[in-house]
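So that you can tell them apart, the chains are marked A, B, C, D, E and F in the order they are listed, and the count of residues begins at 1 in each.
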Amino acid sequence: MKTIEEIKAAIEAAVPGAGVEVVVNPSPCAQHSLRLDPDSALAVARFLRDDPELALDFLSNVTGVDWPDREISEKVKVARTVAKTVDGVEQQVEETVDEIRKRVEPGCLEAVYHLYSVVRKHGPVVIRMRTGNRTDRVELPSLTPVWRSGEFQEREIFDLFGIVFNGHPDLRRILMWDNFKDHPMRRDYVEPDDYEYEPTAHDAVLAKAQAHRAAAQAGAKGQEGAGAAQ
Amino acid sequence: MFGEGILKGLAETAKNFFGSYVSADRLTTVEYPEKRLEPIEAARVFPFLVYDGGDWQAGLRCVACQICEKECPPKCIYIEKSKDKKPDAVGKMQFYPTRFDIDVSVCMSCQICVEVCPFDAIKMDKLFELATDDRFGGLILDRGMLAKSNQYFHGIHPTEAAEVDARLTAERAKSAAKAGAPAAKDAGRPQPPPPGEK
Amino acid sequence: MASSPYFSLAVLFLAALAFGLTPLALAWLWARFFSPPKPSLVKNSIYECGLESKGDAWMQFHSAYYLYAIIFLIFDVEAVFLLPFAVAFTGLGVAACVAMLVFVLLLIEGLAWAWAKGVLTWA
Amino acid sequence: MAVDQDLKIELGKQGVFITTLQELYNWGRRNSVWPMQFGLACCAIEMIATTMARYDLARFGAEVFRPSPRQADMMIISGTVTKKMAPQVVRLYNQMAEPRYVIAMGACAISGGPFKQGYNVLKGIDRYIPVDVHIPGCPPRPEALLQAFITLQKKIDAQPLTGPGRPRFLDAAAQGEFPVPVPGEHDLEPAFNQGVWPLPVLQPGKKD
Amino acid sequence: MIDHPIVYQADQIFVLLKHWLIGQLPSSVQPAAGVLLSVVVIICLFPALFAVTTIIERKGLGRMQNRLGPNRTGPFGILQPIADGIKSLTKEDIVPTSADGVVHFLAPVLLVVVVFMGFAVLPMGRNMALTDMDAGLLFFFAIGASTELSVFMAGWSSRNKYSLLGAMRAVAQMISYEVPLLLSSVAVVMITGSLSLNKIVEAQNHYTWGLPHWYIFTPWGLAGFLIFCIAATAETNRSPFDLPEGESELVAGYHTEYSGFKFALFFLGEYVGMFSISGLGATLFLGGWSAPLQILNFIPSWFWFFSKLMAAICVFIWMRGTFPRLRQDQLMNFAWKFCLPLVLTNLFVTALWRFLGEGWLRWALCTAILVVVYVAMARAEMRSGHFGSRRYRYAE
Amino acid sequence: MTASFKSPAEPKLNNLDLAPSSEPGISGDLLEVAMGPHHPSTHGVFRMDIVLDGERVIRLKPVFGYLHRNHEKIAENITYIASMPYTDRLDYICSLTNNWAYALAVEKLVGLEVPERAEYLRIILGELTRFQNHASTIGFLIQEMGASGTPLMYAFREREKILDLFESLTGSRMMCNYMRFGGCRVDPSAEWLDQVRKVVAGLPAFTDEIDRLLTSNEILMARTQGIGILPPDLAVNAGITGPMLRASGVNYDIRKIDSYGIYNRFTFRVPLGERGDVYDRYMIRLLEMRESIRILEQALKNVPGGPIVDPKSKIRGFRPKPGEAYGRIEAPKGELGFYLISDGGPNPYRYRVRPPSLVNLTILEDMCLGAAVADVVIIFGSVDIVLGEVDR
């Protein structure tokens, strides 16, 4: 089988303007992957399937990964002008100071596809796509038109992660019920308040349960669904 | 093709029907409450706590290290560690659990608590007849219900119990020889490697 | 009157009816005195695999069922015609049998036609 | 005094009659518990194994697995009840004809078991319907189901036909239907059925 | 041998008993009492037999499946049916709100009435038929056809989708198999020359070299018997033709919405129907109450009748333990495209049998025709169904 | 590659609006029926919303999630080893192959070596699991065809023997929790291996019995042949794996392709179907059972001694370096894969199960359209799913 770089080159040769990026996997199995640009992903996927040398006709696994917003603190050298008293004289001095800046790296949702070839009996080739963010730009092209096996798996990602797959023939919730609102596989999903969450019905739990009951009776409404995950 | 398949099938069931009167292979029923299957030594159902000697409160091997509580996948173990130390079976001062509950209505019988226990204190029982109509009273086993003697352990898992005993005696002998006087000092430290990690 | 076969049939009919109704009456009595029935909305709704039933089951059904019924009717009538013939068969000559044969063949032709037209293919 | 004596005898006769009837009734019910053909998860396989040759639930007269709830007497909740499934389970239970029994088989059915931490897992079916026998285990061995079945038989045997201790279905005033929960936007509504799921009582004496 | 007084008395024990009993009554009510007594016996006997059969079935199936079957209720589990009966009797009766209550109630009752009526004409031993009707066979079929009605009533009135599908299946299946059932017995009528079941038995109650003249021992009789068996299985909705209640597809088919004793009545009706149709099959082809060998004539005739009946029931159970179920279209095809042509051929063969007279020729000719037609039909059936055994290849 | 296999075309996606064209007058009203979640033959809690015209299926929508137990979410909150017993409960008929797949994925993630003895044990247990899975699948399939349980009883009779082996080795009948990262948990005794040999020697008798009871039965042939046909190109495109794919004539067996474990040391054949109908799926399973016996016989001849677990492996404090891995095996139902992302912590960052049962259901509607209700049940049965794995 071709190496990941060769595949990348082949894709770029075949699909002009395709944004492909190699993602290196440091683990011993070295299953490196290709990150596709969502805009050209469908064309790339068609190429991967139809190219006689690659012939990746079998989409084995599709899954979503949630990368939440991360708070990154980094040291930045900042140049600034400070009013300083040097030798009794006030001066404007330029100096560089280390400043710890916190910024929020926007998270994203990712869809990962594992491809194999039944004809050529090789694989896996891993491709992945990222959404713009986790809230409003959660759309990706559906690869179900290329590989039918994505149908239920993409539906599952839609259900549990909330990635909207454009071009999917039947994008409905698959595992949760239809009027369920949250996406429970996201890492910031909060469970509905359930007083018996704790494993065993110990005294502490029972006390918690009683507190919960008291709160419910006191008219604290809407407690059941306090954990909307959005 | 003109009905032989059907006749062959009928012959097969007839063979089993008549065979059930003559051959044990064709009548495999074990009439449960009266007769039981041959016990399988490795069988595991729910955990129990092993104690040495005659008094379960004194002889409990558990030192409330709470590893099993942390490692338990469904989190069905609940332990409260004692504030003070008590002498264990060989006289070392140890912490002990003031409370050790297992909710068998949650336990998944995975045996991970046994694997991670450095003290051979928790083992798997074979008792499965726990059906009850009492949801909260019958299914949360406390220390007293969990504690079972080493003899009982020998009774249900003879091979494993013999291994454990041999290992424990060796270790105790070693630590007694090595330490001599300050035996109580390193009592709380887990010494033997967990059996699953050898 | 009692020696008439129809008298026996009537008695059998009544007895069978009584046999069917008695346990139902007993069950009703039991429910009346001990185990009160508790009909309710969910309990007395139609069973549909644990879901709420959607749509009505009383609906227009596929015509294939009725075609079979018509063919059945023909053959049942044929059988009724055949029975007197069969009873008299031991005393009949070849000519009478041939006449019956023609009748049966006509019916077989009908069957063959229906077969060829695909009426006998279950849709 | 004489009247009293007569009355006593009369009552005694009636009592004998009732007792005999009760024994007969309980004997009949106990020996003909037809389970509903209903499996949820892993435990269902052990439930099937229980009906198979080696364990043979049929010996107790209980092999007549009825697919329709109308004809079944017992519901073996064999496996995880998810929040998506719970309304169906409750509805099926409601659609069963009285007398009906419930066996919660396995950890998941009792409490959610190992999957208790899951967002879609109901933490015990006894929040919505009354459960007669609980069998711990994950999954319980087939013998454990047999033992639970025998426990249920004993329980049936002890039920009086009349009087205040009589079971729910013999009491005209008792609840006959249990509300079916509705899947809401985040969770099932309500989270439990009042009257079925009493808050577990704190047991102060439990700290041995 | 039947002339021997002890043998005769053993044979006629029930008849004599009945005569003795009604002899105690004033002569004006004697005929009516006689009928009543016979009816009561029928009404009690067959449900009792039903109880026995359920336990035989459950234990027999168990044995076929390497297990014991019910054995704890009473000694060897023989009280199991009684427990089931008590349970059904005391179970809550549910009628769906949207169902047609009257029809829902009538369906099981009708079924029970209809299946019992069939016994009116069955001779269960020498001189042991309730009525000796001239058109007994016709009556049997006429009344038997009403079971379809009750099944349809049950399915339709429940207003349940599975029930409705089950009912539609039941009607389609039962009317389809009614035709081969009827035509296969026409052959018997042709040879016997009577519709009276008593006469049909009498006609078979002769022996040559100690062997009986049962119709099953003729080519047309065997073919007729086999078709009769198939059609009878379908008529009684037994496996492999149990589509109307097809558990794996239609939950419980037409009786999905029935609970308590109404359901038990369906159960009972099915089994009693099985008894009556097995009895008819035994009467038509297996010599009714006649002994299988002349030297066995000393055993009472009723014993033979009931042995044949129970043997048939055992075959039903055996088939149930072995076969998967057919599909609706295959079932219908089998009735119309296989059984019907075959049974019509059988009618011709029967006529031929009579006209060819005694001798080996008619044996050879009749057998040959039937075998040829059977093989041709089977091949056609297989070709149209596109099935056959296959070979498989392997990749290394 | 087989001759009949073409390069995949663009998949046909079913038209989803519910508008069947029906000739007026000849057909009746359409009947919408829900089969499941409580239905005798949906293997638990699966639901199919079916639209019927008479008895013919014109629309079928599978509905899942009634057993969605949040396996993946739970696994992301517990340690790597703690997920092992949870994998038992995925496909709860074949816990050992699930263990194996998960162990394989972690071994790929971390780079652990499996000792030879452990590899042999894995193969022995894996093939026993495959045998009992196929046996019970056949039993359930025939049950769905309306047999009153006899083949299922026979299958479970053999299954009990195999479960006894599992229990005496691992301690549990069904939830074995036996594999460990880089090996196995308990070292079997020589007596246990003898016991396995004895059981394996008895297995051919069972396959022969099933063969006699069913294979040439005309009713079974009539019911299953030509029903639920799955063309090979669609099968590959829809990601179908396992016996179902091979029944369609595609030679793809991960035991041969990846030769994970030490499968390349054993000689066994891959049976291939020709038409891809229900009968082929039944037969492929039966033939695979025979091949499993062959593998077992070879494996049991020389089980080497030695350790059973990689010394680098540990239970507590197991923290793989950041990275990801996808490991897959040929589970009895098809390709079972585990996709793990590690962020260096004690819990997997992302834990994904690639369930063969779910993906194999993708083409359920395609296979069922135009079939009768009774066929739907057996087509569904021939797919061989376990809800624990479909919904996880």
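Note that in this section a contact is a pair of C-beta atoms (placed from the backbone, for glycine too) under 8 Å apart; a residue touches a chain by one contact, two chains touch by 3 or more.
Predicted model, so just to flag it, every value in this text is computed and none were measured.
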What are the mutual neighbours of subunit C and subunit D in this structure? E, F
Subunit F reached from subunit A - shortest hop count over touching chains: 1
Touching subunit B and subunit C alike are D, E, F
Using only protein Cα atoms, the chain sitting most centrally is F
Of all the other chains, whose mean CA position lies farthest from subunit D? A
Could you quickly compare C-F and E-F and let me know which has more C-beta contacts? E-F
Most remote chain relative to subunit B, going by C-alpha centroids? C
Using CA atom averages as chain centres, what separation in Å is found between subunit A and subunit C? 64
List the centre-to-centre spacing of subunit C and subunit E in whole Å, with centres computed as mean CA coordinates. 15
Separation of subunit B from subunit F, taking each centre as the mean of its C-alpha atoms, in whole Å: 31
If you average the Cα atoms of subunit A and of subunit E to get two centres, how far apart are those centres in Å? 67
Pull out every residue in subunit F that's touching 2 or more other chains. 31, 33, 37-40, 55, 65, 68, 70, 73, 85-86, 89, 150, 153-154, 157, 160, 175, 213, 215-221, 391
Where subunit E touches two or more other chains at once, by residue number: 64-68, 88-94, 161-162, 164, 247, 251, 256-257, 260, 321-323, 328-329, 388-389
Would you give the residues of subunit A that are in contact with at least 2 other chains, written as numbers and ranges? 175-177, 184, 199, 201
In the complex, go through subunit F and note every residue touching subunit E. 2, 31, 33, 39-41, 52, 55, 142-150, 153-154, 157, 213, 215-223, 225-226, 251, 256, 269-274, 279-280, 283-284, 287, 372-377
Residue numbers on subunit E that touch subunit C, as the complex places them: 31-32, 34-36, 38-40, 42-43, 47, 88-99, 108-109, 112-113, 116-117, 119-120, 130-133, 137-138, 156, 158-164, 168, 171-172, 175-176, 178-179, 182-183, 186-187, 189-195, 251, 256-257, 260-262, 264-265, 328-329, 332-333, 336-337, 340-341, 344, 347-348, 351, 354-355
Quick one: in the complex, what on subunit F touches subunit C? 25-29, 31-39, 47, 53-56
What does subunit E use to touch subunit F in their complex? 61, 64-67, 161-162, 164-165, 169, 239-240, 242-243, 246-251, 320-330, 385-390, 392-396
Over in the complex, which subunit A residues touch subunit F? Could you list them? 25-29, 31, 49-50, 55, 57-61, 63, 65-66, 112, 114, 118-119, 121, 124, 126, 144-153, 156, 169-170, 173-177, 184-185, 187
